[in-house]
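I'd like to ask you about the structure that follows.
Going by the order they are written in, the chains are A, B, C, D, E and F; count residues from 1 in each one.
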Amino acid sequence: MTEIKQLSPQDEFTGFYLLKELDVRQTNATPPKDYFDIVLSDSSGQISAKYWDVSTADKETFFPMMLVKVRGIVQLYRERLQVKVTRIRKVTDEDNVSITDFIRSAPIRPVDLVHAIKQSMNSIQDEQIRQIVAYCVGKVEEKLMHYPAAKTHHHAYFAGLAYHMARMLELGDFICKQRPFLKPDYIKAGIILHDIAKPEEMVAQLGIVSEYSLQGKLIGHIAMASNWITEAAIHSGIPLDAECVLGLQHLVLSHHNLGEWGSPVQPQTAEAVALHHIDALDAKLQMVEDALDTTPETEPWTPMIRGLENKAIYKLGTN
Amino acid sequence: MTEIKQLSPQDEFTGFYLLKELDVRQTNATPPKDYFDIVLSDSSGQISAKYWDVSTADKETFFPMMLVKVRGIVQLYRERLQVKVTRIRKVTDEDNVSITDFIRSAPIRPVDLVHAIKQSMNSIQDEQIRQIVAYCVGKVEEKLMHYPAAKTHHHAYFAGLAYHMARMLELGDFICKQRPFLKPDYIKAGIILHDIAKPEEMVAQLGIVSEYSLQGKLIGHIAMASNWITEAAIHSGIPLDAECVLGLQHLVLSHHNLGEWGSPVQPQTAEAVALHHIDALDAKLQMVEDALDTTPETEPWTPMIRGLENKAIYKLGTN
Amino acid sequence: MTEIKQLSPQDEFTGFYLLKELDVRQTNATPPKDYFDIVLSDSSGQISAKYWDVSTADKETFFPMMLVKVRGIVQLYRERLQVKVTRIRKVTDEDNVSITDFIRSAPIRPVDLVHAIKQSMNSIQDEQIRQIVAYCVGKVEEKLMHYPAAKTHHHAYFAGLAYHMARMLELGDFICKQRPFLKPDYIKAGIILHDIAKPEEMVAQLGIVSEYSLQGKLIGHIAMASNWITEAAIHSGIPLDAECVLGLQHLVLSHHNLGEWGSPVQPQTAEAVALHHIDALDAKLQMVEDALDTTPETEPWTPMIRGLENKAIYKLGTN
Amino acid sequence: MTEIKQLSPQDEFTGFYLLKELDVRQTNATPPKDYFDIVLSDSSGQISAKYWDVSTADKETFFPMMLVKVRGIVQLYRERLQVKVTRIRKVTDEDNVSITDFIRSAPIRPVDLVHAIKQSMNSIQDEQIRQIVAYCVGKVEEKLMHYPAAKTHHHAYFAGLAYHMARMLELGDFICKQRPFLKPDYIKAGIILHDIAKPEEMVAQLGIVSEYSLQGKLIGHIAMASNWITEAAIHSGIPLDAECVLGLQHLVLSHHNLGEWGSPVQPQTAEAVALHHIDALDAKLQMVEDALDTTPETEPWTPMIRGLENKAIYKLGTN
Amino acid sequence: MTEIKQLSPQDEFTGFYLLKELDVRQTNATPPKDYFDIVLSDSSGQISAKYWDVSTADKETFFPMMLVKVRGIVQLYRERLQVKVTRIRKVTDEDNVSITDFIRSAPIRPVDLVHAIKQSMNSIQDEQIRQIVAYCVGKVEEKLMHYPAAKTHHHAYFAGLAYHMARMLELGDFICKQRPFLKPDYIKAGIILHDIAKPEEMVAQLGIVSEYSLQGKLIGHIAMASNWITEAAIHSGIPLDAECVLGLQHLVLSHHNLGEWGSPVQPQTAEAVALHHIDALDAKLQMVEDALDTTPETEPWTPMIRGLENKAIYKLGTN
Amino acid sequence: MTEIKQLSPQDEFTGFYLLKELDVRQTNATPPKDYFDIVLSDSSGQISAKYWDVSTADKETFFPMMLVKVRGIVQLYRERLQVKVTRIRKVTDEDNVSITDFIRSAPIRPVDLVHAIKQSMNSIQDEQIRQIVAYCVGKVEEKLMHYPAAKTHHHAYFAGLAYHMARMLELGDFICKQRPFLKPDYIKAGIILHDIAKPEEMVAQLGIVSEYSLQGKLIGHIAMASNWITEAAIHSGIPLDAECVLGLQHLVLSHHNLGEWGSPVQPQTAEAVALHHIDALDAKLQMVEDALDTTPETEPWTPMIRGLENKAIYKLGTN
């Protein structure tokens, strides 16, 4: 079965794919005819597709986020690849395929990621800090198993958020060893809490964000996480003027570093400075990794990456 | 008794003033001598002063924020007025002066301002909104009687914050009548809550801010107010996902309009757009009024005003 | 008859509409066929439409800004509504419809708006100021009855400019009462003059701006209004160095507040500061109102609004 | 007689100088003593000075912009040169010195500069353009003989404005020859008019700007020049909608290129694009020339120049 | 034969053109048909075109940058002109046309431009400077005969780069005469070297840039030219710490003036300030000239020009 | 002996210090008297000092960067500590103190740092990359033993540059293990080369930068390093178009990430993205560490740190 990342112009192929997006549209013909404007995806990437011969039955058969078997031809349209679908049908039990095989996922199993995060959380020595972190993690625990870290920017796939946390925790441990003036409890807590409200800021399914939630738009994950810490402290009987409440709220509020990037205050503790840069380093390198992973091996350049000043990345050694 | 605003070069004068700032410094002489670097103030303004003949006793007698009787001469130093103090003593009971006569205050009595604010609060129809507002007002009620609205920008005087709120509430009522699509409950609540955490963000005495608090620096009054709404909802048994919690938190979080001005989200309700502009209009006109009030009548220009693009204001009609 | 704002996918409808835009285009067919690319509008909003079966006669019958009777079907095209026109004809006298019923208008009659503006103008006490205002109003008096205030930003409809002025005058009166240091003559004059050159800056018909004029592009309404004040003073025998000439030119030149928003000088009189903020408050709230008015009631969000940091507005209470 | 530019630390010298600035100040001594805080200047530059032994008579003898004979010693104070004045007296007729010998001037005689400008003006072919230019030049003709082009930025000396114009006219002629699509009449007129209102924007004496005028602050030279063109057209009977009025106003309004640099519109004619860049090239190179002229020959670097991104200029060949 | 610049809607025409771009695409028909998406160009401009009836043979006959004879009809598509090609064939020897007749070129012959540049280079008095310039010119000498100065911004045609240099050298000579403090050797060298690496930064054919080179993207022409100067010095036995190496590298590194425009250092020699402004003046006026040249004479406005704040240029006198 | 960091107002103390800065100034007295304006430093920090009774001999005895024994009193001047020196003498051999005890140094011995850097350099597998790195390191090897990494921003002390490199190399190793798509050779080389030209960009002694060099100002360390790579390649016989030359020059040119921060190109290889963020993380955390190290333990806040958005850092746990 052909991976989407490997398709080239003129290829004829058959395979199972996820119907990531599907719109019914109409041609300009008279009378106009219905056709499907489709995005097919698998774990290697995604591609646009058109299905021109749509019957009335088809319109009641196919819906987004469904698995399908497709036969198609690859064409070049406005310098981008596009599939002309010649046959399409729903997957049946006999096909023996599972949806999780067709989505991009973190390279480590969600259960292992969440386990690592919890282990790190449980190693926090300060009881109040640990309680607050545990309460907040508890609010989104189920979603941590599959939520992406962002809509498109970075870690935009199944369990991407937990993967981002786990990687940052490794880096945080290293930095704490290099720089003993940093307090590991705050570093761990800051890493776990900084994006903890993202699962409520975005609406996602199978690692794919469809939109921002109402809360996400009007409050944003930064202020939401701050509010959750207030809620956690009240729930755990921790005084609201305890230093750890202040320290943790400062970490989440300042982690975007600048007002124009969404932080109402700028980092003013050693741990807050560290958190911002650990987050930046991990997110930016992940953008590079994500782009490399979905670029065909023969291509010397990835597509342009918005979060990297709109630059494409060149692969040294491919020249 | 001469008002500070009326002092001119070469004036010799005697009067009662507030010792707003006092530092002991040393001249370059050999051996160096101690002198006082002073800021005198009254309700009309403030002025720098030097007291050259400081005795050891003086250093144990005079402290900032104390009322004093001063005899002095006005001199011009680097194009600014400065008083050379020739005599100074503490005020005694017989002087029959009260500190509140020497500080700049809102032009309306604090008790009346707070009364107006509470009346407006009580006219909020939605019970949940009213409860949240009341809880937050309750947290700072005593300080509302005297806190300024800012350190220097605008309304930087006794009860300036309450005055700012009261004026905005009048303007809010007018705008709600002009534009019926605005919900008066949210407008009132937004006006009362938008700066409600300022008394905890700043440390002030007699309407004069000495510094920002630790909370003020690390959290800021915008996120603090959002946290208080969470706290108020929990305390009042209002579900945290009630729309009014969302709507009120959005109002306080967005009222600075842009990220670079400290708002983590931008206004996305009609009331939030209105709140930002009512706040801006009142604050900017107050900066003008404050500058005009402390500029001698014969001066055609006020000093430069930082919040108005660093421009001075020209008084039409004085040319 | 169906209002455009109420159309939903799959609706079949018949009605009278304004042919706001009309282009003849060609399909990709061989040989290509002509079709009409249309924008239909009525007082509730506007919608794209296609008419596929265009005859040679049709091309000589239909032109922009004409009233037509249309039968059509509503389709969804790239997530936006679009009408497929099945029949179209010109309106006849028997249809008994008037073009003014099909355009968005200020909610108050133009004649009443202009009357209110003139009343305010006549209440200006200073004779020179009043003469200058009257001269400038005289230059565009006829256009004031129907010109919009902007191309798309705000008040972009029939008599929108006069409506903007009238509303600002109400707000100006309120502010002058709140803040007695403001000179009402300048506030009134500034409000009437600040956008007075807009009818010469833009070319508009029935409240719809088709383009900027040559003057509008090369001089802009801000400098044009300043020039007009010079012209008015010469015409009225007022010395060019009279303070009111200076004060009024300063008001119009500074009302956009910052250089990057088009003002060559920044506000430096109390009245100029007030004018900018009265203008901003009215314009921004009108953007909200305009967006709410053209959003179907069942939609919780308006479209994105460029003048409001590109944010959409959420309607509290619709969740 | 020693030129100021040649003074070095420890020099003792006697000479005639202009008392460019003079303030009476007081020492910290008890009782404080009066002293003069002075800026001395000649045509080669300027230097700070102190005169410590000020008598009551001195205070009634010496005033700014007066010629004096000074004996002094050069000292180093905070890494800058400063003169300690040991003797000072007013110049008498017998000294046989003239104030114009002590001020920085354009390197060409004002009468020749103004003659060149007028010659260029008279070579304008289009009668209407020539009339407008002539009217505007007429308004400031006397001041053109001595006004500087700016307060400190560039050409900040006697007849600096006329010098700037004359140099730009030479460059304009060259560019018009290189690029025949440019209309020489507009280039000449634009060069003469672009800063024509500066003599009314600033208050200057002997080429030294003391402050901005009220008009200068509230209107600015850009809009003033636009207003003057309106006035000129009315005075000369040229219709206000004549293309040359539009073209000339566009030139002056757009010559700062960007809104944040003070232009309410951006260049939109070929001549306006040319004018902006001819102005920039001449002004920036003059900043370099002015800095080189007042830097001692042995210094490899000039002081920092604000208009050149705050950079100092290195003299190649001095290393 | 019709020039592209003169084509109007509905014109039927026959002529020789350059096939500047050609893509094979497919219609939406079922089955889809191939068609050519084409850009035709000649020395007067360029235009989009479609060729609907593509045979298999056609797809092997036509390629970009080939000369063709075309018959076609001009249509209006989305407010832009577009040609419907009815016949197309390759040019044969008998047609007696040469590709250089079909491309935009500098108005002066390349050989004359390069001659003028070399003459200027040879007039450099300082031997080291001359050697370095000669070495760098030698690296791209062949490409100087035809390379454009930019992809689209300015001088984007055959020999545009040499034309830009030659024009700047004329202007540089004039400025050096006006301002004797400038060192002509550095001005000449700076002008010749500032864009000398552009032929290696971009990939171009017949004056048309197809893309940036790998070096161009990763190093950029500014740092490339600096590296070349190092290389030239080593090659010519000039010490790397010679002042001319420093002075020349500073000129190329600083010529974009600001960091955000690509210069890692800002101009800090008189010659570097001059170079930046000579470059800016020539480039901006060329943008105007290029736009005027490709705008039909009857059009009063050119298209919008990106390098001129996205403004269109109005032709005075066409109103 | 009292460390400078521990001095408090009114302390009388005796100790050995480095005379980091020394200026001879004059009092305002008549006649004025000479005094020394001094900065004393030791490894714990620095402090201003005045020495009022300067003899002629003193002026020939004391010079900057000399070790002295000082007796003094600590005073408060404008809210900052300042020492009044009562006795001062040069250090003699008997004092048995060494200058290196009085300067801030990296916490690891320079010889160990340089050893670690070389070890890392020698572990580079690609011979060409290793040769280029070795050549560049060779140019500044001696200075690597003591140069700071910056004037004030971060690592501004003895061997600070080598310390910065060594720390980054540790972090680079960790990141390469986390992210196998990164090429360790380029990461190591990029870390060693990114600031390799700083010892030629700045003039420093004992870890204290006195000024930028001429090269530093006109070329900057970024372009200098790029030029050095060209030089290294020529010297080592590596073709200038070898990919490693391109890759290494890209790393140094892009490591400041944005044009406004001095990089003429933006990161476009995975290693360049990593290098920028490893550099940022290490530099910013070092700023925090440096500030914490020189802040008295009892102070809850460090001074404001320019490189951290001008924020002070709060020490959690000190409240």
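Keep this in mind: a contact is a pair of C-beta atoms (placed from the backbone, for glycine too) under 8 Å apart; a residue touches a chain by one contact, two chains touch by 3 or more.
Everything quoted here is computed from the prediction, not taken from an experiment.
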| item | value |
| --- | --- |
| Steps in the shortest chain-to-chain touch route ending at subunit D and beginning at subunit A | 2 |
| Partner chains that subunit A and subunit E have in common | C, F |
| Rounded Å distance between subunit B and subunit D, as computed from the means of their C-alpha atoms | 43 |
| Averaged-CA centre spacing for the pair subunit C and subunit B, given as whole angstrom | 40 |
| Contacts with two or more other chains, residues of subunit A listed in rising order | 28-29, 214, 217-218, 247, 258, 268-269, 314, 319 |
| Arrangement of touching chains [line / ring / star / complete / other] | other |
| Chains that touch, pairwise | A-B, A-C, A-E, A-F, B-C, B-D, B-F, C-D, C-E, D-E, D-F, E-F |
| In the complex with subunit C, residue positions of subunit E that touch it | 27-29, 33, 35, 52-53, 75-79, 84, 314, 319 |
| Subunit D residues touching subunit E - in the complex, by the definition given at the top | 167, 170-171, 174-175, 178-179, 181-183, 186, 243, 247, 257-258, 266-271, 273-274, 277-278, 280-281, 284-285, 288-289, 292, 308-309, 311-317, 319 |
| Subunit B-facing residues of subunit D, complex | 23-26, 28-30, 32, 214, 217-218 |
| Residues of subunit C touching subunit D in the complex | 214-215, 217-220, 222-223, 226-227, 229-231, 234, 240, 246-247, 249-250, 253, 258-265, 268-269 |
